[in-house]
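Got some structures for you, see below.
Note that chain A is present in both complexes that follow, paired respectively with chain B and with chain C.
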Partner chain A sequence: MNGITSGFGAWNPIAWTLLFLGILIVAFFVRSFGRKDYKRGTGQTKAFLSGNEEPAAPAGLHVSGDNLYWGMVHGLSAYYRRVREWHTGDLGDYVGWFIGVLALIFVIIVWGG
Partner chain B sequence: MGLPRSFKRALWVFHVATGSCNGCDIEIVAALTPRYDVERFGIMLTGTPRHADVLLVTGTVTKPMLPRLKRIYEQTPDPKAVVVVGGCGASSGVFYESYNVAGPIDEVIPVDVYVPGCPPRPEAIIDGVVKAVTKLETLEGSGVKSG
Partner chain C sequence: MSALSVHAPVLLIAIPLLGAFAVPLIGKLGRGVRDAFVGLIAAFTAALAGLLAANVFGNGGAASVYVLGGKPFDIPLPSGMTAPIRILLEVDGMSAFMALITALVTLTAIAFSFSYWRERSGGSMYHSLLLLLTAGIFGMELTGDMFNFFVFLEVTSIAACGLIGFRVWLGRTQEAAFKVMTLYTLSGLFVLLAIGLLYGEHGGLNIAYLAHSLSGGIVDKIALGLLLTGLAMKAGAVPMHMWAPDAYGEAPAPTSAVLVANSQASLYGLFRVLFTLFGITVSTATTGWILIVFALLTIFVGVTMALVQSDIKRLIAYGAVSQIGYMLLGVGVGLATIVTKPTYGFVAMQGGIFHMVNDAACIGLLFLVAGAVTRAAGTRDLNKMGGLAHTMKYTSVFFIIGAFALAGVPPFNGFASKFLIYEASFKLSPFLAIIAILSSILLLAVFVKAFQGAFLGPKPASLGGGEAPLGMLIPMAVLALVVIAFGLFPGFFVERIVTPAARALWFGRDAYISAILGG
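Here is the complex of A and B:
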């Protein structure tokens, strides 16, 4: 099998495909041990919430991907608060920041060089 | 059609307390301790009725628990057996016709085995579960399909 081998590792698409196929077969094998006799459309296939009724989702409810990053946003809230203040929505401000940072980098390069 | 494979390996039990004083519940826990050790027979408590073969119900049914007990029964896959542990579950006991009691368990869901006592000893509870298995095997043998 042809592949790419470098000092950082190896890549071979056929080997990876075979590995994924092997994992899939094992997964289906384990899944086959599960019960198949649940009656669909009855309580037997509903989530168990300590006997409580499953609350219906409000109409139009959409859980956005932002929820995945809630912890990170919350952890960095102090940083985000400060950064939001700088976002004025004025293009002139953004260009000003751009030129300012560019000038700073230029100074660092000249100073350091 | 015989018993499902999972059933032959082990018997998973879900415990529901519908309003008990905890006396029966403590005896169920005692059946799991090393002195009685029901897990050596493959009998173990499960955390959800969706994985259970047997429902172990304790206490008389209080009104708030009435819809919850019905829902738990519906969520248990077939074939299933219901074992009532204690006198309160069988007849409401000292809570008979109390203002907050919906009735004994067999007025809410079908019951297969009664284990009397206040509370019953762990040996009696184990015997009740074994009787439930026998009943399920009889049902299977007479052609009652799972599912």
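Here is the complex of A and C:
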């Protein structure tokens, strides 16, 4: 009742959710065997950056959303330059796209059947 | 069958329509009375949609006809010919499915509006327009007549433009409303021209009658081109989508959710035209592949444009545009293969139609979250936000649920419908599935960016932001529960409401025609 089949594959969310929960329980169980003799607040719990001292972040520093994918957006700059050229915000261009698509659809439907 | 069940189709349109005109008068009695009245209208309308759906799906999704005036509709003309000429509503599995979506979105959006609009003036006119938009959407979904479809299309256009430009004190809302008004008018004119051509050619306006009369001649094809382009534009298909981010972004947040339901109603109109009105009288391979090309462009451009937005509402708006592409892909694959009817064609249809309700729930949820966030933070700019999860814990959880669902992360509802679309479109061409899957992954990245920007990190001292009031949290919770329920029990919903809707389009053309014309 809860699953679906496509005729070539199947998806049962309840079964997969139970499996996921089971794996979480096993992971928690394995974790409980870990060492408990470390000392909080010492070098034992500090991030290890190849032996380099970790500089303290300025108070209130926040990596904003735009910084997350700047590399990817930069890599796709040629694509974005072109796509942003379409999105001019000019109503005349919006209407132009509409009429252009209509003309193309006419050609395809009338000649294509 | 009770009188309420019998008259449910017309009441679904009449009650919000009459309510829309009564709200400004009721509003004179005070905000509390007005909100109670609007809430009652929305709840009663949703209950009627549920009743209608229970009747239709209980009957296997078979088409039924409601005649306004209660007299025979096939009146003999002096020439001896009989034709359906009265105002008719025709409800099958697909119409009932769409009515359920509209009821869910409008009920939660209206409930959210009570808190969202509490400190602003003009609430009576706002709710009046919201109910008018609701009536128009129901009308588009339930009518069995092309001219009435155009009338309701125009009702939705006028109400939507009013709502987008409602906050007149923000200059950009006026620009967005003007752009949308121009494009909606152009779209409406094309639809009207197509209806005029069909009327001139076949002498009728009833969908079943026209479907029976169409021959696929040159006039029919011109009408098809006008209808296809006009409705695809109103649904927000790329490259005619540019109005959508402006409209969804500038409209009040709960209205944005209803505007998505409005776009889906146009998509429904497109599917009704392609499957029921024209069917196999034109080349379904050609029209199917047109939908598929629209779908690929819409998915990819929508997602990649969402990635570079820093305005939370425009980011979600581009996400909404991309999801229209998944619906077009599923139904396009179904249409392209309808003649040979392979198994995967019907599975694609199920996926595309299932994605309509899933998208309505999760995009609706995300727009409501955006409304709560922007109201609390006082800005829509993700670069000026941060740390809102410290004070808006429930809202943060709702954002995660909506974002994961929209990006197709299991076990949320978006995955279930996308799973069907991926598998079926892969059978037609692996390239289609690759684009769809890659775009879903990219959409997850988009929402990671939005979550990081708005909710994580330290909270700037200048930023406002306490938890959203209960009046906003409850509608968000309802949509989140729908997202989870449809995600955990997809088989239940696919079997009971999605399959009858898909069958109504894929196999139901003859039944739709014979419900009116007999035989």
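As a working rule, the second predicted complex is superposed on the first by the 78 of 113 C-alpha atoms of A that agree within 3 Å, B and C clash if a C-alpha of one lies under 4 Å from a C-alpha of the other, contacts with A are read in each partner's own complex, and residues count from 1 in each chain.
FYI, a contact is a pair of C-beta atoms (placed from the backbone, for glycine too) under 8 Å apart; a residue touches a chain by one contact, two chains touch by 3 or more.
Quick caveat: nothing in here was measured; it's all calculated off a predicted structure.
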| item | value |
| --- | --- |
| Chain B versus chain C as contact partner of A:Gly96, first or second or both or neither | neither |
| Chain touching more of chain A, residue-wise (chain B, chain C) | C |
| Partner chain(s) touched by A:His87 [first = chain B, second = chain C, both, neither] | second |
| Touching partner for A:Gly60 - first (chain B), second (chain C), both, neither | second |
| Which superposed partner A:Asp37 touches (first chain B, second chain C, both, neither) | first |
| First (chain B), second (chain C), both or neither touched by A:Gly9 | second |
| First, second, both or neither for A:Gly75, with chain B first and chain C second | neither |
| First (chain B), second (chain C), both or neither touched by A:Gly22 | neither |
| Shared contact residues on chain A - chain B and chain C | none |
| Complex contacts: residues of chain C adjacent to chain A | 178-179, 182-183, 186-187, 190, 218, 221-222, 224-226, 228-229, 232-233, 239-240, 242-243, 246, 282-283, 285-287, 290, 301, 304-305, 307-308, 310, 343-344, 347, 382-383, 386-387, 410-411, 415-416, 419-420, 423-424, 427, 445, 448-450, 452-454, 456-458, 460-461, 487-492, 494-495 |
| Chain A residues touching chain B - in the complex, by the definition given at the top | 33, 35, 37-39, 42-44, 46, 48, 50-53 |
| Chain A residues within the chain C interface of the complex | 1-4, 6-9, 11, 13-14, 16-17, 59-66, 68-69, 72-73, 76, 79-80, 83, 86-87, 89, 91, 93-95, 97-98, 101-102, 105-106, 108-110, 112-113 |
| Residues on chain B engaged by chain A in the complex (per definition of touch) | 4-6, 16, 48-50, 65, 67-69, 71-72, 74-78, 146-147 |
